[in-house]
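Both of the next two complexes hold subunit A, though its partner changes from subunit B to subunit C.
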Partner chain A sequence: MVSSIIQALLNGLVSGTILAVPAIGFTAIFAVLRYPNFAIGSLATIGAYAGWLANVRLGWPLEASFGLAFVGAGIATLAAEWLAVRPLEKSGALMMAICSLAVGIVLENIVRFAFGNEARGFNVPLMRDIRFGDLRMSPQQVENFAVALLLMALLWAALNLTRMGRAMRATADNPDLARLKGVQPGTVAAITVLVGGGLAGIGGMLVALDTAADPLTGFRLILSVFAAAVLGGLGSIPGAVLGALIIGMVEELTVLLLAPNYRTAIGFAVILIVLTVRPSGLFGERAG
Partner chain B sequence: MLNYIIFILVVAGVYALLAQSLTLSWGLAGLVNLGLVGFFAIGAYASAMTTKWGGWPIPLGLLAATVLGLFTGFIVTISTLRLRDDYLAIVTLGFAEVVRLVASNEIWLTGGTDGIAGVPSMIPRAWGQGYHVTMLAIVSVLAIATCALVRHLAASPWGRALRAVREDQVVAAVAGKPVIRLKAQAFSIAAAIAALAGAIYGHYTSYVAPDIYQPLITIYVFLAVTAGGVGRPAGAFLGAYLLIGFLELTRFMAEIVPGVSPVQAAATREILVGLALILLLRLKPNGIMPERNQKAPPSTA
Partner chain C sequence: MSGADSITQLPHNGWLARTQPNTTLQGRKFAEFCLEVSGGKRAFFMMPQTPFTQSTFNNFKIAYDKVGGATELLIYDDKKPSLRTEVDQAMRYNADCIFVGGYLTDTTVLLRDLFRAGFKGKIVGPGYSINQKLVESVGQPEATEGAYGMLPSPQEGSNGWKKVADLIKQASPDPFSCQIYDHINLAILAMAQAKDASGQAIRDTVRAVSQGGGEKVDNAVDGLKAIAAGRKVDYDGASGPCDFTELGDITDVKFRYEQVKAGKMALVRIA
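Presenting the complex of A and B:
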């Protein structure tokens, strides 16, 4: 029993770290553009397919395929932002959120039109699980974990050490003050959308590597992404990371108690509890 | 052909009911219910289970669906009404998914993914075409009555207070309006209407299953309400019929394009639905019948 709990925590650590990638994307877009982007699931799906295309059709190694997942999903997000969502800026955040949901439907079905409903597996060698005593992990899980960690380290460096990163954080903090200090709001918004969408894309590819890519790959992820972002406090990047880790572990632990199908319902339960008890989440601003 | 037309008119009537639900919550109160399909499903299951397995008469089943819709609507809003509106959007979106998850997995309660077949019909199916025509009459009358009810509510002092909340919560609160209570009431009544629509649809098609209640249905209703006129009950009513016309048109168009597989045809329809909503929000956000402002009474001072 103890070893199955430790195994669940280990699995949760890995799945939570992977979940953190799209959750950062979602919360970063919220922090700068002030609306929840409900297309995030479809964007993750686009990343999964872009990665699959690079890996299986073009025969690229996984590392390069991650690059295409990032670029593909990032460009799709930016195009959707400029063509569909941003023109509604004056109508308010809710209209932009509804529009992003419609964008999500369009993107998901473009993928379905192009690739059909079949699940698409990646070209990864089958390998024995790594064992430490009773605990086991697949080498693919270890690699995905490492990729997610590396990505977060890069993002941390970009946000803290570069001029653009500091401009992004300043805009999220106080857009008016940032503008006074000479930050270009348009550029910051565009880069946030590009990077946020790209992160969602890599998140989708990481999940698809573990299972397969299909048109609903990203959609199955959204409750967990929302839960991680709300738990951490909408708009807080460190919050999204911590939230994702907690959601990942709680999901894995509940699989020990409940039917595995209820995994995604955990996210919803966490959202309800957080909003009732502490709506600002762990690190968030006021939510009222 | 005639049967087909009657069938889609009944479906349009059900969407007209859903559109009234969204008009009340989104149009009048500004509360975005992205989980409309969840309430639709809850109503369908409540009425199907009580009438098929509990042996209840159908009017009681419809009542059970409406009451359960009212109750779950209230529960869903409790945790979010004090917060910014985008939180309600996230919660309702999750709610609809959880409803589908429970319906698929609690086999002892809902029949699981197989669903419930042979839901009792409101009038004998043996009437053949008469069955469909009578159902069309029932659904249409109900949709018109609900539209009239929502219009009445919108014009009442309660409806005016609701619109004040939608426009500016702080001002409404300063004017002494019970903001949270008004929002909870509007959202719950709207949820009850959606549940009633689900119950009727379940009895009409005699089949209830998790796969029917896709998130896309919520988008359809948003499209109907946006096309007809947000905040205008008659507009939403009209919008529902336009929506069904549009959906059937895209079905025919997808079928006549050569070399397109059924999956691609279905995907094309959904792309068109999404694009239509994006374009409407951009080009004609007030719809065909924009909301009318009520004139202020002449000043007595």
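Presenting the complex of A and C:
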């Protein structure tokens, strides 16, 4: 039983790290635009299919395929933002959030029309797991783990060491003050949406690499992503990372301890408890 | 066309008879095939949460218990992005056969993870998920090689089956078209037998024309002639023998067994 728990925690650590990538995208968009973009699941699916297209149809290596996953999902997010969500800005965050749900459904069905309903595997060899006694880990998991960590490091560097990153953090902290300091909110918002959506796309591709891409790849992530962001504190990037790690591990542990129909309840329970006990989450509401 | 056990267990007072095998029958057939191909007596049963998961497993278990075998059920959430921890559970059970009862997407994930985990036993699952599409979606032939898929099959090669093939102009008619052909023939024969074109007549006499011996017929035209001549008929259709229990379930059905060989689905047998 002990090794089962350690294995589940290990699996949860990896899936939590992957989950952290779209969770960062989700929380970053919230930090700057102040609404939860529930299309993030479908945008992750777009990323998974863009990566699949690059890798399988165009024969690109994985590194370049990640690039297309990022760009494809980022552009889709920006297009959805400009065409569907932004026109509702004056109606408030709730209407924008509802609109993003609708956008997610539309995007999912566009994927179904374009690619069909079948699961599609990437052109990467399936390798046997590496074993450490009773524990095992797949090389693909290790690679995905490393990619997710690298992305987080790059994002941290971009947010802390570049002018645009500082502008994004300033806008998230205090939009009016940022505007007084000469920050262009429109540009910051566009870049945040592009990067946030792109991260969701890479998250979708990371999941699809380990499993397969199908029209519901991202939909399966949405509750976990939202729970991770709420747990960490909506708008907080370190919070999203920590929240994702906790949710990833808890979800894997529930396989050992609870019937599967309660797994979904875990996400909702986390959201309910956090919003009741500590609405600002583990890391408050500050980005960066 | 539902196979859920609960359908015929409803208080239908004899108004329901179905040609789709129920999960009791399917669970037993799955177990018998797992026992046969694995040559062992230890099976791990993985299936997502569905209304028929528990009843299929219960009947699977009965067949294993009969030969002194051991089984374990793991119901998983098919919306979970990774099923590695579930596969860990399966690996720890040291099964000689794993039954994967999910749909195409989650079975794809399971087979990839079972391959990564180095599972050496037999893999069996329903033909609606273990098929050519699965081989393509898994993407690596070794991960699906040797896996078996099984599905209720029409009575391939029978006269009724050949008639359906001619009628719908398909070389290999699907089970559901065959079942509908049988429904219509049975209804016509039951009405002819009862000399009454009503639902009550079908309810009361369907078993008089579907089973119990007599002249074997595979279509309504031949059956009507036999009934008009005063002979007892026993309908054997395109989907199967069409013999019903008191509850309205069919007593037996043929299954089509296939195996992935060199990346293609190869027919093992229909029996």
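Quick note on the criterion: the second predicted complex is superposed on the first by the 277 of 288 C-alpha atoms of A that agree within 3 Å, B and C clash if a C-alpha of one lies under 4 Å from a C-alpha of the other, contacts with A are read in each partner's own complex, and residues count from 1 in each chain.
Quick note on the criterion: a contact is a pair of C-beta atoms (placed from the backbone, for glycine too) under 8 Å apart; a residue touches a chain by one contact, two chains touch by 3 or more.
All of these numbers come straight from a predicted model, not from anything done at the bench.
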Message = Between subunit B and subunit C, whom does A:L275 touch in the aligned arrangement: first, second, both, or neither?
response = first
Task = Mind working out whether A:W156 is in touch with subunit B, subunit C, both or neither, as first, second, both or neither?
result = neither
Request  = State whether A:F283 touches subunit B only (first), subunit C only (second), both chains, or neither.
outcome  = neither
Which superposed partner A:T264 touches (first subunit B, second subunit C, both, neither) = both
Message = With both complexes superposed on chain A, which partner does A:W60 reach: first (subunit B), second (subunit C), both or neither?
response = neither
Task = Have a look at where A:L101 lands relative to subunit B and subunit C in the superposition and call it first, second, both or neither.
result = first
Shared subunit A surface residues [contacts with subunit B and with subunit C] = 259, 261, 264
Query = Which of the residues in subunit B come into contact with subunit A in the complex?
reply = 30, 32, 34, 78-80, 82-87, 89-91, 93-95, 97-98, 101-102, 104-105, 216, 219, 222, 261, 263-264, 266-268, 270-271, 273-275, 277-278, 281-282, 285
Key: Of subunit A, residues touching subunit B in the complex   = 35-36, 38, 84, 87-88, 91, 93-95, 97-99, 101-106, 108-110, 112-113, 116-117, 222-223, 226, 230, 234, 259, 261-262, 264-265, 267-268, 271-272, 275-276, 279, 287-288
Remark   = Touching subunit A in the complex, subunit C uses residues 48-49, 75-77, 79-86, 88-89, 92, 104-105, 108-109, 112, 115-118, 133, 136-140, 142-143
Query = Which residues of subunit A touch subunit C in the complex?
reply = 4, 7-8, 11-12, 15, 118-123, 125-129, 136, 138, 140-141, 207, 210-212, 214, 216-217, 219-221, 224, 251-252, 255-256, 259-261, 263-264
